[in-house]
Structures are given as structure tokens and as C-alpha cells.
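In the two assemblies presented below, chain A is common to both, partnered first by chain B and then by chain C.
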Partner chain A sequence: MKFGVVTFPGSNGDHDALSAIELGLREEVAPIWHKERSVDGFDALIIPGGFSYGDYLRGGAIARFSPIMDAVAEFAAAGKPVLGMCNGFQILTEAGLLPGALLRNQSLRFSCKWVNVRVETDRTPFTQAIDPGTVLRLPIAHGEGRYFVDPETLEQLKARDQIVFRYTDAHGVETDEANPNGSLDNIAGVCNEAGNVVGLMPHPERAYDALLGGDDGLKILGSVLRQHARQVA
Partner chain B sequence: MADGKLFHAEVYVSLKRLVNDPEGIEIRNGLHNLGYDEVEDVRSGKYFQLKLRASSRDEAIARVNEMAERLLSNTVIEEFHVQVRDSADVS
Partner chain C sequence: MTVTDQTLREVALTREEYDKIVALLGREPSPVELGMFGAMWSEHCGYKHSRPLLRMFPTEGERVLQGPGENAGVIDIGDGLGAAFKIESHNHPSAIEPYQGAATGVGGIVRDIFTMGARPVALLNSLRFGPLTSARNRYLLSGVVGGIGGYGNCLGIPTVAGDIYFADSYSSNPLVNAMAVGIVRHDMITRARASGPGNLVVLVGADTGRDGIHGATFASVDNPEESHRGVVQVGNPFLEKLLLEACLELLETDYVVAMQDLGAAGLTSSIVESASRGGVGIEIDVAHVSRREEGMNAYEIMLSESQERMLVIVREDGLDAVREIFERWDLNSDVIGKVTEDGNVRVLEHGTVVADVPATYFTDECPTYVRPSVEDPAVAELRAFDPDILPDLNPDQFGDTLLTLLGSWNICSREPVVRTYDHTIMSNTVLPPLDGDAAVVRIKGTNRALAMKTDCNPRYVYLDPYVGGQHVVAETARNVACTGAKPAALTNCLNFGNPERPPVYYQLEQAIRGMAEAARALETPVISGNVSLYNETDGVPVLPTPTVGMVGLIDDVERHVGMAARRGDELILIGPRSATLGASEYLSMVHDRVAGAPPGIDLQVERTVQEAVIELVAGGLISAAHDTSEGGLAVAIAEMLIAGDTGAELDLSPLSEANGGRLDRMLFGEAASRVIVAVEPARRDRVQQKLDDRGVEHLLLGRCSGDSLRVNGLPEVPIEAMSAAWRTGLVLD
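Up next is the complex of A and B:
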């Protein structure tokens, strides 16, 4: 399976993602510069973390106009797997590929620490190999991660099984203390209606080896391989 | 460059009432600390100045509203307000 990792000016999680896939998953991976216009030959796309375009205007607001984003939107519309992490999540919401928006953390502080998230659904390519209810330990590093949607959209997301990850304590219980940024309903990650586009604020690509403090991120990145194996077979 | 008269537009973007604004709350607390106890509420936001050409003021207003909706604000979380003036009225 070949992964592509899109690099925007200001991305800083792109090399983490490349390393996680190459060293952690041992799968083929290549960088994609944001000025390119094609994603031909890739089976899954990763929109990495960082501060694309310096977070000017709003996080992700300018990156969505990069030439590569038309190809990313086509890839997503074709039902192929796309994962946005941190700033990548912000970019996908600004591009309209995922619902909602990410606001300044409730604390007004940049938050950099390990958190627990509970997997809410196995209907996405990035969670299909994980039992719902499983608690994963992942790092976060963001100043604008407070997930928001209006109340009607929140009900839609629940009804359509689009909430993919929630912040919880280590036992999988949603608490205010476990919510690092004030996200609505403890939401850490969502998917589009079809389920193939997933975004989350935590960094699975920074948790691919026990030496880094944990390897739960591989469960998310590696989940997509199961679907690929099925398609090939 | 487009033809037409020169207009000055101002776009004010702020969080919707529905959206919690911790920055505004902290600024209000700061004002209270300075003794401005009369301040009941502060909402923070962004302000843009645009210079543009359009055939009429109405066209300029319509175009800037479109810009605000498509890029200058994120309508999931923000609302905006547009003011357009003739360039001649701007000193």
C-alpha cells in the first residue's frame, strides 16, 4: 500500500508521518509537495500537522487553496482514505471535506501532552481494525483544537455515526478533566458522511514506537491496511 | 485590474453568539482588573480593510459580502459585517 503525505509551507508533522509509515508500519510512502496537482498512484493520503501558511487568517484557511487540494478533494470523493491530523484536521474542515471547525483552546494556552481518546466507531478506514470503546494514548500539540459544530449538526453527526474519537480518561470515561481544549462533547476526531475522510487533533504519527512514549498511533495508521488487503484480494 | 470606481470596504468578523469566546472573557476580566467595572461583555474578532474597484457601491457590497462568506470568515463559527464607502469619502 502506498501512502502520500502532503507538505504545505509551514507543515512540521510531515516527516513524523513519513517516518511513522516507513519505520512503524513498514509500508511504502512518499511526500507530495502542495504545488503538485496529482495524487495518482497513492492508496491513502495524509494531511499532516504543523502551521501551514503560518496559520494566517485561521488554521488551515489558506492551505485549502493549495494546488494539490483539488486532487485531494477528488480522491476523497472517490471514497479513498484521507487522514488529517492536527493542522491537517483544520485544513480538511476549512476545505469543507469534514464538518465543524477548530477554535482557540478554552484555556487560551498551547497544549502539548499525552491524552487518552476512545475509539467511537469502526466504520472508517482508520478505525476498522480497532474495537469501538478501545482507549488509545496519543500526544497532542495544538493551540486551536476546540471542536465546534452547531447543535443541529452535532445531532446529525451522532445520528450518522460521524464522531470517531472522544477525549476520555484512561478508563474510557468522558470527563471535563480529560478534555484538553474544551471541545464540544469531548470530540477529538470526526469523519465525513461516507466515513473515508477522518480528522483528529491528536498525533498518531508521533506515537509509532515505544521509544517515543507509545505506539498506539500505529493502530490508526495501520487500520487502513486491512481494507487495502481486502480490496486487493 | 478591474475597471470601475475605487471603494473602501471594512469587514468585521466575530464569533457567533452561540460560540464560546474565552479570549473575549479574558479581555473583559483584564478591563475589570483595570477598574472598568462597567464592562459587561467583550467579544473579540478580526478587522479587514479592503480597497477594491466596482461599477457601483451595490456591486462592491455584494462582492465583499461574498469574499467574507468564502474566505474572510468561517461561517461555521463566525459572523461578519461589511461596510463600504466611496474612496472620495475616505480622507
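Up next is the complex of A and C:
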């Protein structure tokens, strides 16, 4: 299975995503420059973290206009797996591929630490190999990660099973203390209606080796392999 | 033409220095030349007062691939790789505009690293502020921390370690020292030496504006706020990220002859230094420099300190390839001149020569000064104070005193600050900030790791600059050794007051002497550094702060330890039993005195202790190690227990005699060369045997158990209370 990692000017999580897949998952992966217009040959796309275009204006607001984004949208529309982490999540919401928006953290400060997230659904390619209710330990590192949608959309997200990850304590209980940025309803990640496009604020690509403090990220990145295996079979 | 005093003040040159310029040139300098001399002969660029003293530092060693004199030093770390690192100050800008001052400090040091061809992999910072009771100091702390995070996080380089210290003297003059570490293949090490007449001089990155004109001279006078408003630059980390990636890509080609970033003194210093180091000349025409404002003249262009600019010397046949790389990264590049044979730096403005001076006049001919060196008698008197005349600690007060120290600004947890820095990016951080005495960063593609830490106890240096200087090197090395790494080399940033005053010059001279001696004894050569003088306000200098950034090597990344003691572990003190209250945090917090002689230090003992700890970690024999520093033994133990969320039952009575029977000295006295290690009971015998073999003093203190600290019948202190005091000491506004 071949992963593609899109590099925008200012992306800085691209190296980690490449490393996580190459060293952690031991799958094929290649970078995709944002000025390209095709994603042919890739089976899954990763929109990495960072500060695309310096996050000037708003996280992800400029990157969505990059030439590659049309191809990403087509890839998503074809039902193929797309994962956005952190800034990648912001870019996907700005591009309209995922619902909601990421506001400044409630603390108004950047926050870097390990958090617990509970997997809410196994309907996405990135969670299909994980039992719902499983608690994963992942790092966060962001200043604009407070998930927000209007109340109607929130109800819709719940009804359509689009909430993929929630911040919880280590036992899987949603608490205010476990919510690192003031996200609505402790939401850490969502998917599109079809379920193939997933975005989350935590960084699975930085959690691929016990030496780094944990390897739960591989569960998310590796989950997509199962779907691929099924399709190929 | 006779130059006026006013003009000389503007360029911060003395009349004698001006006369020397006239003698060198055989004529009066042009206005542009005078501005260039002012910048190059400033303390910041020319090291006028420190150069003769800096020669005391050992700069060679078998690992040293590049010593001082380049943008950063480089050491060999095995596997064909080098570690490039350097620390640099951005004190004066941060005093005025803390966010941008700190941010551009990070930007500058990162450029120094990738200019060497190294990919930056870690950032550290060493900060000094006045007491947080003042709103201004809280603003400075908050702004500086914001700027460091804002820039480093955006670049995607983890900020992994550092140190923060508070004292009155930093109130109007905070210190902001930023350090960066990069990894470079030996064959990729790039130097800032222009060569090959005819090669092209290309300026890349940001357009040049009027910001930062005279920044270097501004950093070299007292009370900068008074004299030089508006010289602080604004950082653009996004542009720097593009420059970083583009420059590293560029260095994979064969077309680059030299690379030099534009920092202090902007285009002037980068051209002068590349030409001078390479023994060639450079001719540029400022008309080719892209600008962000109309009507800038040659003087302004030559002295602008606009950020995020690089000078690249490329072969003519490679220009197209080089340009293609910059265009790919949406970066502007201008060919502004060429390398020449005559050794002169020649600046033209639309074809008219406005400056024409041999490059070495700016560098080698920069005057140096050896100033009178006299210790301030008041400091000698303070040092003579004997803290043992003070009443001893009442045993009932043990708990309160411990909690007071744990919650004090100089000791408490840095978590609120650390959380705002990205330390997990690049997926290399094996021992993150807060978890150990130093950060451990693995080197991808190898089994190795680097440990790194900055530190400086300025109170020790103030009360005894020579001994204090030894401590700075010894403590940073000890921090690194506590993770299991062998200290390899250091960089330093010498933050002092006005060296023209004999007591300050004395501090500078003695601190360097002490540091040099410790660096020799511990075999950690000085490979790079920076000097920041004139850190004072209204004639009051900051505490002398010669910050050290130490880098150590770990051969097997799996073999490292943090500082968390585990329930069931036994604690062993390694090192001398005797401590002193002189210059201690206890004396300052409890008796409100900055006095007494700092602890003595035997560098051979220091070395033996460090080697012993490294051996224990490498052998997998210990589960944690932590050095005792501010707050002494009790605070160090408390920190290990808080980190491991366990209590302990300890018997410290064997230490009593060596501390004159005094409780305060035994518990809170400070000493060099001491490390507490946590050991599984089953391994205790082997650990003690190893320590005996090396002839290192050691003492079993007790075992980790329960939920409180219990010491020899003193009132027990709950871990929860210690943790709460320690975690809530520091609040970011």
C-alpha cells in the first residue's frame, strides 16, 4: 500500500508522517509537493501538521488554495482514505472536506503534551481495526485546536456517526480536565459523511515508537491497511 | 572633514578608534564605511573586550570538527555525522519587545545552524528575569516565552530543554539566550568562507527594510531602551522555514561555495566575514538588493538587520540550478555581486563606489581592550560571610521550608512554560523536558542519541566568579551525565555588564578562567559561543551569567534514564557528604541573604562522579539519576519523588557530621559533584561495588515507599503537598 504525504510551504509534520509510515508501519510512502496536481498512484493521503503558509490569516486558510488540493478533493470524493493531522485537519475543514472549524485554544496558548483520546467509531478506514471505546495515548501540539460546530451540525455529526475521537481521561471518561483546548463536546477528531476523510488534532505520526513515549499512533495509521488488504483481495 | 562627536556616538566608536580607522585607510572613511566600521567594531561583532580573554578556552579535542570562528561549532558524533551547535543572546531586543526579541533570537541561532549545512533538530533556551511580583517582569516572561514558542513551533524544531532563573538584577535587563543543535553529514559541513574570484554573491530570503539598523551597536551600549528605539526586528518564521528547506536542498548540489546568514550588522557583517575568512574580496552593488521600502540608501541597506536573509556564494555555472531551487520554495534571490581577488570589501550604489576597504580591517584590525580588573570589595565582603553563624533550622519547620523552596521561582516546575513549546515534533525526543536533568534526542538512522542542557547559577558566579565559572561547566556536564550521556563539548553565552568598569571586567575574566579550567578537566572543549556585554540598567549590571549549553553523547539510545524515582527503588547519594549554605537558594529564600562562598569544587571528583553515573546508566543498573543543585539534597530528593509519584523513608543521619551537625546545611545546603540515583534493591550491591571500584563516595539514603517523605523523625511531608507547591510556583500571565 502506498501512502502520500502532502508538503505545503510551512508543513513541518511531513517528516514525521513519512518516518511513521516508513519506520513504524514499514509501508511504502512518498512526499507530494503542493504544487503538483495529481495524486495518481497513491492509496491513502496524509495531510500533515505544521504551519502551512505560516498559519497567517488562519490555520489552513491559505493551503486549501494550493494546486494539489483539487486532486485531494477528487481523491476524497472517490471514497479513498484521507487523514489530516493537526494543521492537516485545519486544512481539510478550510477546504470543506470536513465539517467544523478549529478555533484558538481556550487557554489562548499553544499546548504540547500527551493526551488520551477514545475511539468513537470503527466506520472509518483509520479506525476500522480499533475497537470503539479503545483509549489511545497521543501527543498534541497546537495553538488552534478547539473544535467547533454549530449546534445543528453537532447533532448531525452525532446522528451520522461522524465523531471519530474524543478527549477522555486514561479510563475513557470524558472530563473537562481531559479536554486540552476547550473543544466542543470533547471532540478531538471527526470524519466526513462517507467516513473516508478523517481529521484529528492529536499526532498519531509522532507516536510510532515506544522510545518516543508511545506507539498508539500506529493503530490509526495501520488501520487503513486492513481496508486495503480487503480491497486487494 | 572632521567627524563630530555626535556622529561617533551614533556609530558607537571612540575618537581613538576613529583615528585608527583614518590611519588604516590613509584617509577619512566615507559615511557608509564609518557605519560599517561601527558595526564591525562593536562589542557584539568584534568582541573588543572579550577576545583576549576568550583565548583561555580550550577549543580542541578529538571530536571537534569545527571550533569557534564559524557560524557554529561541530563535533563528530560517529556514523559519519556531526552535531553543530551554538548559543546566542538576544537580550537587548527582548528587553524592549519581548515577543519579537525572543522570536528573532531563535531565528538567528537556527540560521547559524543550517548555514553550516546541518538540519536543526533541537532548540534550547536560557532565560533570566526579574521577580514576578512586578507586572513588567511578568509581561517580559510571558512575551519571551510566547516568542520562543511562536517561532520554534512554527519552524517545526522541538524545544527540548533550557533553564529559567529569577533575580532582582534582571528586572530591566532580561537575558534571552537561544541555543540550537543540528545534525550534519561530515561531507556536508559548509563554511562561511568565500572563495574563487568570479563566483557570484547571492542574497536570498526577505526583502531588506529599515528595521534593525544599528542593532549590533545597540546591543553594545547601556540602556538601549533610552538610546535606540525602533531597532528591534520582526520575525517571520514561515519565511525562515522556507529558507531552511531551500538552503539544505541547495547544499545537496555542488554549486555552493559558502553560506553565511545575515544576523547582527546585516549585509555588512556577512560580506566582511565571508571575505575575511576566505582571504578574498567581495564587490556588491546595493542597487541589486530587493527592498521593502522606497528610498533606502547604501548606508541603510548595508546596516539593516532585516531577518530571514542568507548570503550564498555560488559558482556561476550553477546559478540557474540554484535559482530554480529558490523559486520552487517561492523565495526571492538577487545576485548582488561577486567574489574578487583584491581582498577588499567594495560597495557600490548604482555603480558608484561608496565603500572600499580591505576586509581584514574590519575583522583582524578591530581593536581589543584589556581593561583594569578589580574585584568589587563589597562582593569580597559578602563572600566572607559565614552562614553557619545563623540559627539552625527548627526541625518543626522542615516541611514548610521544603514546600517554600519547592514553590520558589528558581526551583519550581517549568511546566507552564514547557507546555507552550512543541517538544514532540521531529519524533526524536526520547527524554522530554521535565522528565530528566537534560533532554535526550535520538539520531534517526543510528542507535545513538544526544543529551543537551543549558544552565548557569549566576549567584555562584556573582559571589565567586572563578569558582562560579567552574560550577557552570561542571553542572551542565553533570546534568547531561545524569541521563547517561558522556559530555562532549559546550557552547557558551557570556552575559555581563559594562566591561569598561573594573569589577565587571574582573567577573568576566575570572568566570572565563574558571570555565576554561573546568572545560579542560572534563574534556568538554568550547566549540562556539557569543558574548553579550553592557547588560545593565542605570549603572547596575546583571548578575554575571556565563550560560553554558552542553551536549553529550549516548551510544545506545535505549540506555538513558530520567529523574523519576519508582516506588520500591532505593536512593543512593553519590559524591561528597558536606554541603554549604553559602550562595544557596535556602539562604536567599529563608534568610533573604545573597552571601557566603559558593560550594567548593574538586574537578577530579566531579569527573569521577560523572563517569560513575554514566557507567551505571550504560550498564542498565539504575532507574533514575538527578543532580543536587539549588535547594540541596532535600529538594533534589523531593523532585525525584514528585516525578515518580512516590514517598520515601530516608536516614540522612550519616550526613550530619560532615555538615557541622546542622540540619539546614544537611538538608538544603548546596554542593558540587553530587548525584542521587534510584536503584532497584536487587541491583544495589552491584551499584555500590562499581562505585567502590571507582573510589567514589556514596551513601544509601533509604527506600521509596508510601505517600510522604519521612526523614529521621522530622515531620513527614506528603507527596501531594510537595507536588502542589512545586507545580504551582510559576504562573504565566
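Operating definition for what follows: the second predicted complex is superposed on the first by the 233 of 233 C-alpha atoms of A that agree within 3 Å, B and C clash if a C-alpha of one lies under 4 Å from a C-alpha of the other, contacts with A are read in each partner's own complex, and residues count from 1 in each chain.
Definition applied: a contact is a pair of C-beta atoms (placed from the backbone, for glycine too) under 8 Å apart; a residue touches a chain by one contact, two chains touch by 3 or more.
Source: prediction; values computed, not measured.
Using the contact criterion defined above for the overlaid structures, shared-chain residue A:G79 touches neither chain B nor chain C, since it reaches no partner. When the two structures are aligned on the shared chain, A:C112 is found in touch with chain C, with no touch to chain B. Within the superposed three-chain model, A:P132 lies out of touch with both chain B and chain C [touch as defined at top]. Once the two complexes are overlaid on the shared chain, A:F148 sits against chain B while remaining clear of chain C.
Contacts of A:N12 after superposition on the shared chain: chain C is touched, whereas chain B is not.
Contacts of A:P67 after superposition on the shared chain: neither chain B nor chain C is touched. The residues of chain A shared by its contacts with chain B and with chain C come to none at all.
The residues of chain A lying in touch with chain C in their complex are 9-10, 12-13, 15-16, 19-20, 23, 35, 49-51, 53-56, 109-113, 139, 141, 143, 203, 205-206, 208-209, 211-213. For chain C in complex with chain A, the residues that touch the partner chain are 146, 149-150, 153-156, 236-239, 241-242, 328-330, 418-430, 432, 442, 444, 557-558, 732. Across the interface of their complex, chain A is touched by residues 15, 18-20, 22-23, 26, 71-72, 74, 76-77 of chain B.
Within the complex formed with chain B, the chain A residues making contact are 57-58, 61, 93-94, 100-101, 103-108, 148-151, 182.
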